[in-house]
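Starting off with a structure, shown below.
Per-chain numbering from 1; labels A, B, C and D assigned in written order.
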Amino acid sequence: MEPRIGVFVCHCGTNIAGVVDVNRVVEAAARWPDVVHAVEYKFMCSDPGQGLVKDAIVKHDLSRVVVAACSPRMHEPTFRKACAMAGLNPYLFEMANIREHCSWVHEDKEAATLKAIDIVRAAVAKARLLEPLQTRFVPVTQKVLVVGGGVAGIQAALDIANAGTKVVMVERAQSIGGHMAQLDKTFPTLDCSACILTPKMVQVAQHPNIELMTYSEVESVDGFVGNFTVKIRRKARYVDEAVCTACGVCIEKCPKKVPSEFDEGMMPRKAIYRSFPQAVPGRPVIDKESCTYFKNGKCKICEIFCEPKAIRWDDQDQVVEEKVGAILVATGMGLIDPHGLSQWGYGRYPNVLTGLEFERLNNATGPTGGRIVLKDGSTPKSVAILHCIGSRDRNHKEYCSRVCCMYALKFAHLIKEKTHATVYNFYIDMRCFGKGYEEFYNRLLHEGVKFVRGKAAFVTDQAANDDEKGKLVVSAESTTLGEVLRVPVDMVILASAVAPQKDAEAVARQFGMGLSPDGFFMEKHPKLEPFSTATDGVFLAGACQSPKDIPDTVAHGAAAASTALSLISRGTVEVESATAEVLTDFCSGCKVCQDVCPYGAISFHEDTKLAEVNASVCKGCGTCVATCPSGAIVGRHFNDRQILAQIDAAFLWE
Amino acid sequence: MGEEKKKLQLALYWAASCGGCDVAVLDVNEKILDIAAAADIRLWPIAMDYKYKDIEKWADGEIDVCLFNGAVRNSEQLHLARLLRQKSKVMVAFGACAAFGGIPGLANLHSRKTIFEAVYGYTASTVNPEGTTPQPTLKVPEGEVHLPDFFDDVYALHQVVPVEYFVPGCPPTPDTIMTAVNAIVTGNLPPVGSTIASNKSVCDDCKRKKSDKPKVEAFHRPQEIRIDPEICLLEQGLTCMGSATRGGCGALCPSVNMPCRGCYGPMPNSLDVGADALAAMTSIVDAGDEKTAREKAGALHDPLGTFYRFTLPVSMLRRAPKPVQGGGPPTL
Amino acid sequence: MSNAFEPRIVVLCCNWCTYAGADLAGTSRMKYAPNVRLVRVMCSGRIDPAFVLRAFQDGADGVLIAGCHPGDCHYINGNLKTMRRYPALETMVQQFGIEPHRLRLEWISAAEGDRFVEVVNEMTEQVRALGPLAWKQRSAVADLSGSPHAG
Amino acid sequence: MSHYATPMMEVPDMIVESGGRTLDLCFQCGTCSGTCPWNLVRDFRVRDILTRAQLGLEGYEGEDLWMCATCNACVDRCPQGVEIVDLVRTIRMLIAETGAAPKTLRAVLGSVQSNGNPWSGDRNARMAWVKDQPVRTFDGTHEYAYFTCCTQAYDPRNAKVVRAAVRVLDAGGVSYGFVGGSEACCGDAVRKTGAETNFQNLAAHNVGLLNGLGVKHLLVPSPHCLNTFRKEYPELGGKWQVTHVVELLADLVMSGRLALKNAVPLKTIYHDPCYLGRNNGIYDAPRDVLRAVPGLELMEFGHTREEAVCCGGGGGRLWMETPVEERFAVLKLREAQARGADAVVTACPYCISMFEDAKTALGLDQLQVLDVVEVVAAAL
């Protein structure tokens, strides 16, 4: 029976119709063999648009549907569903991308219209040869892996666990808490960061549904949505968690000091340590790299003082395997390497600090117990906070780091409160977009903080006059004034750019995610699915996706959790239907396919001497199909005939 | 049934071929007597004298089966192909040349002009100071003499006349020949268009050991390595066409340490034999980065000649393009 | 439209990286030469060399094979097979008499909309400079199948 | 009369069309103005020019336009990638077309047109600096062709530098010859003042000449020649390898081919020429050479390397009047003096001229101004 094809061309408002003459596309399509119905419509993805498809399937007895609109990566599922609702096998649907690949990238209307016609013709050519496929489902493992124990991961883990689903949380540091644990106050409410975060950290540790693995890293990820197998390396702690009482005597007695990561290197920690006093878990670990005993075989002072006898020198890394249904990546953000910021004096002048260094300086648990002082111990009389250092800067990071304006205001407030110093903010634009943020900015104006609209060009200690002697001088144009200012101050704080974690690329690879041009993990859709990734079952939470402040991070974590939960509670998940199939008539068992299959989905049967594809393992990549020298493997939904038909129809070749 | 069954009327013809196919018919040994018993051999240029006139005198369809070997590359061969087609009920493309163009088909990488330039011009053994090339027509005092016109392209038989069956091989093995003959004699014929050989590849008959995950470390030519008689030749880095080639030969070449060269032609479901072989052989090259891939897979010598040794005229691209000169149809 | 030669380039690309990269070029409203038509497969590993030959046979002036960067394949390593096939394919295609710039392999990630644009524009210009491949005309073989016996 | 300003979009359109493609990228953060060394001595805000040009408001074409010494410090720091120096050049070009260039510049450009150099020197006297010193003329077999900078050829102070260069290069056994007097100005400063046609004429002359001589490798004494030959000539047909003398010296000294035996007991302070440092990243070569001189002490300015303050001589400023107290060179000599230096050493004929003028103006007889080449010659 000849196929009966319906072609639906979308205007997408003016997105398509503004460049492509959709009527000409429809007219062309109507003339092609087997096309029995061709129409255009303003918004095909809308309810009435989908209705058009459903009605036409019934009314015109369509056996194939082609929608020419946006990318199939956007709306293929939408239209497949519409087809299915009208009783048409969803795999008899084909999408022609005349928006992302045509109207949005071309200006010449004639060329774009001709290209759109070609694109639709190729889709029709493929559609003609489509075959129905059976949709298949497999059960979802009722457990979620949360990678990263910052506030995003904490929020997500608690939401999931509270819904009754098991969670494994993996954190590579000794403690959970992330960057938020490093902060003193939070903008704009000036809540004590530790006061609001630590209870949540404790909840995570005590939750019956959460298994917490700190000092651990994900080693490998296998499987697919609903059925991941994850290997986790639990680094040797050299402290028996079951025996340790977290009394802290060992830490006190340990003679070896190294710079503390948690304190941005501004104060030391011991070789046996917990990241900070309220660390969760509270039991310390021994950092093998710095421990004197591991270095030269002598010391063991911690063991001597440990009453419960919890030190285990023979502890080994362990690799554990977990099966999970969904993965939530919440690995957070890093900061730009400040050493590239030399014109602003970082690394050259001791009283030039990064934002996070100032956080620790200002923190009661920090190096000065929260006193804001210069390197010589004296209190600054004037402080400059420089915005957009490395952000919004093509020489460094092109994006806005999103948190700096607000934390700069917070710093200004805290400095005024604690030291009564004069505080200058040098900014390009004040971006105070959140709830209560603009009000906070106003409050700071009331407090008398000085704002200069102009980016700091450089910081120098070269005095041009007596007022500048012994000071750090910030040079900037006040662009509102049209005057170049030189402002002598005692301390400079750089609102240095938020950056992707240094190992973001490797992590993205591990979880099958992509990176956006800015280096953060790429979401599935920037508007509608900012917490999903291109890999089904892998979700994003927090600042690993883009710079975020705490409220946004928490919201993002909760959203990712609910998306993961909806997958978990669905119970089953659709797996690839477009798998490969061996044509036994032609297979001679040459085994080449077995080597090329990335998933080991093909096995060789000794008795029949034939290859066989395990459909529940096959992901439908088609590598074996292209490789088979005997033409004995068919790739469903992307078979040779279909692809050749597309190539044949790609242009009007004559 | 008192009346003796009418003997099968058989014709054998050779076009652009080496004669091997005809020798192969003799190679069935004593079974040739069975053929002789079952059939009247009406035409067999290698063994019997004949004239065009004799053939022309036959009634249409008088011949039951014509085994036509050799490719078609000149006007005489085309004429005989058409003539025998007319006189025969069943036309069989016999051997790789008739079925796929065969080794003469590699001439499709050139044109008549460049072939003549080489053959009558600059090959080492050519002495032709006048630069004489064959002309289809030549006036001599006695009148006009004619030579067959040499085409730009080499054709497989089915590309010039309809063909009922294909018997592949360079040459077809005795088994293949007898399978074909028996089918014809008994009238137990497969559907028109069939190839009288296996639907599986040469690997199906090959006794060599294969790994579960075959790998190619490096490509070699047979003379460059000491070939292990037990192990799959492809895994030893030889460009064995076995997996991309229709079986039926009994994997003769691999059984004597020679990689399959593909004379039984593409697999039934093949898009293009060169693409098949190339994808399979290079996909399993042990290379994890671009540089290694280029070094190892790029060392595959003469992919075109290797993959299309017998099949260029029936391949997807069929020939090399001719220089653009005013367009128009190609010269025959 | 003028009669000037407009190259016709078939892009055989994977769904996850290059197709998405082309999508990104679209959502970013970058502009590029309208001379390409994309044929999407799930993985560049699915790209049978026969597809390339078919495109040339059909009349393509150039063919671009594109997939995820090595190491970034959505299917772990399907693209490595493409990488391994390419050198011999390139040689073979050139043995057929097709000039080097007409066939190209590129790794273009989902984030590299700009790279997609760059490659398409560059290849369009390179192929334009080479002129039409015109396979059908230049490799035309006379049809001799007409026979008194036919039909 | 109202004080409202009305944008005129013809202005930005014209600038963009004339090559100033990055004009519209400026988001007025002021980094350029905050960076610009002019503000050490007087008010000058390049951002103001750009903002006015973006909106086509009066003032972009004012006298301040001719202040920019094209030191490139602002371009290095601009977060938006605005090619500020290029924009200044483009606007100057548009203004110069209307004949509104400063008078002093017009004389210089006239000389360039008639004499092929900005110093009103006789075209035929370009090799007069030689005096009685034997020099080789490039004959096609030499590895390097030495392209004498106009300032070295006609300015007596800088002529001493090129004579020192002959001694140093000869001592190092370098295979080189002088282009020989028929060369014209490289055109860098000419182009920076907006005289595009003049520049194109000079470039065409030089490309024809040097290609005709079979030059493969140019040796240049001026960072301005270096920059324009390296970056601007290739697209005009001049595709030579270009090396600054100080790069070659560093190579000779470090490889031991040039032995520095004599002690030069000077406290020196090195000034980074903008076109050698910021524009071409050559910071270490001159310092390596100076450190190899026996007895020499090397000091640094407070702002050095990438952040070095300009001498004030680029972009045509060399030929324009600057009040003594507004000269960067004056500031720099004062700093050098304050740091206790005996000599300011640099590697650019413009810097030498600017510093010598400043020295005279300040009457600093005891402070020497030297080229690296001269220091090396003294150490031979």
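Just so it is clear, a contact is a pair of C-beta atoms (placed from the backbone, for glycine too) under 8 Å apart; a residue touches a chain by one contact, two chains touch by 3 or more.
Keep in mind it's a predicted model, so treat the numbers as computed, not measured.
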Innermost chain, taking as reference the mean of every protein Cα atom displayed: C
Between chain B and chain A, distance of the C-alpha-averaged centres to the nearest whole Å: 58
Centroid distance [mean C-alpha coordinates] between chain D and chain A, Å: 48
Inter-centroid spacing, chain C versus chain A (mean Cα positions, whole Å): 32
Residues within chain B bordering two or more other chains: 271, 276, 279, 281, 283-284
Junction residues of chain A, two or more chains touched: 596, 623, 626-627, 640, 644
Touching two or more other chains - residue numbers and ranges from chain C: 48-50, 54, 81
Chains that touch, pairwise: A-B, A-C, A-D, B-C
Residues of chain D that touch chain A when the two form their complex: 27-36, 39-40, 43, 45, 47-48, 77-81, 302-303, 306-307
In the complex, chain B residues that touch chain C: 60, 72, 78, 82, 85-86, 109, 151, 153, 155, 158-162, 271-272, 274-276, 278-279, 281-285, 287-290, 293-294, 296-298, 300, 302-305, 307, 315-324, 327, 329-330, 332
Chain B partner contacts - residues on chain A that touch it in the complex: 583, 585-592, 594-596, 604, 609, 623, 626-632, 640, 644
Residue ranges of chain C touching chain B (in the complex, touch as defined): 48-50, 52-54, 56-57, 70, 80-81, 83-89, 91-92, 95-98, 133-135, 137-142, 144-145, 147-150
Complex interface listing, chain A residues touching chain D: 342-343, 388, 392-396, 428, 453-458, 460-462, 464, 475-479, 482-485
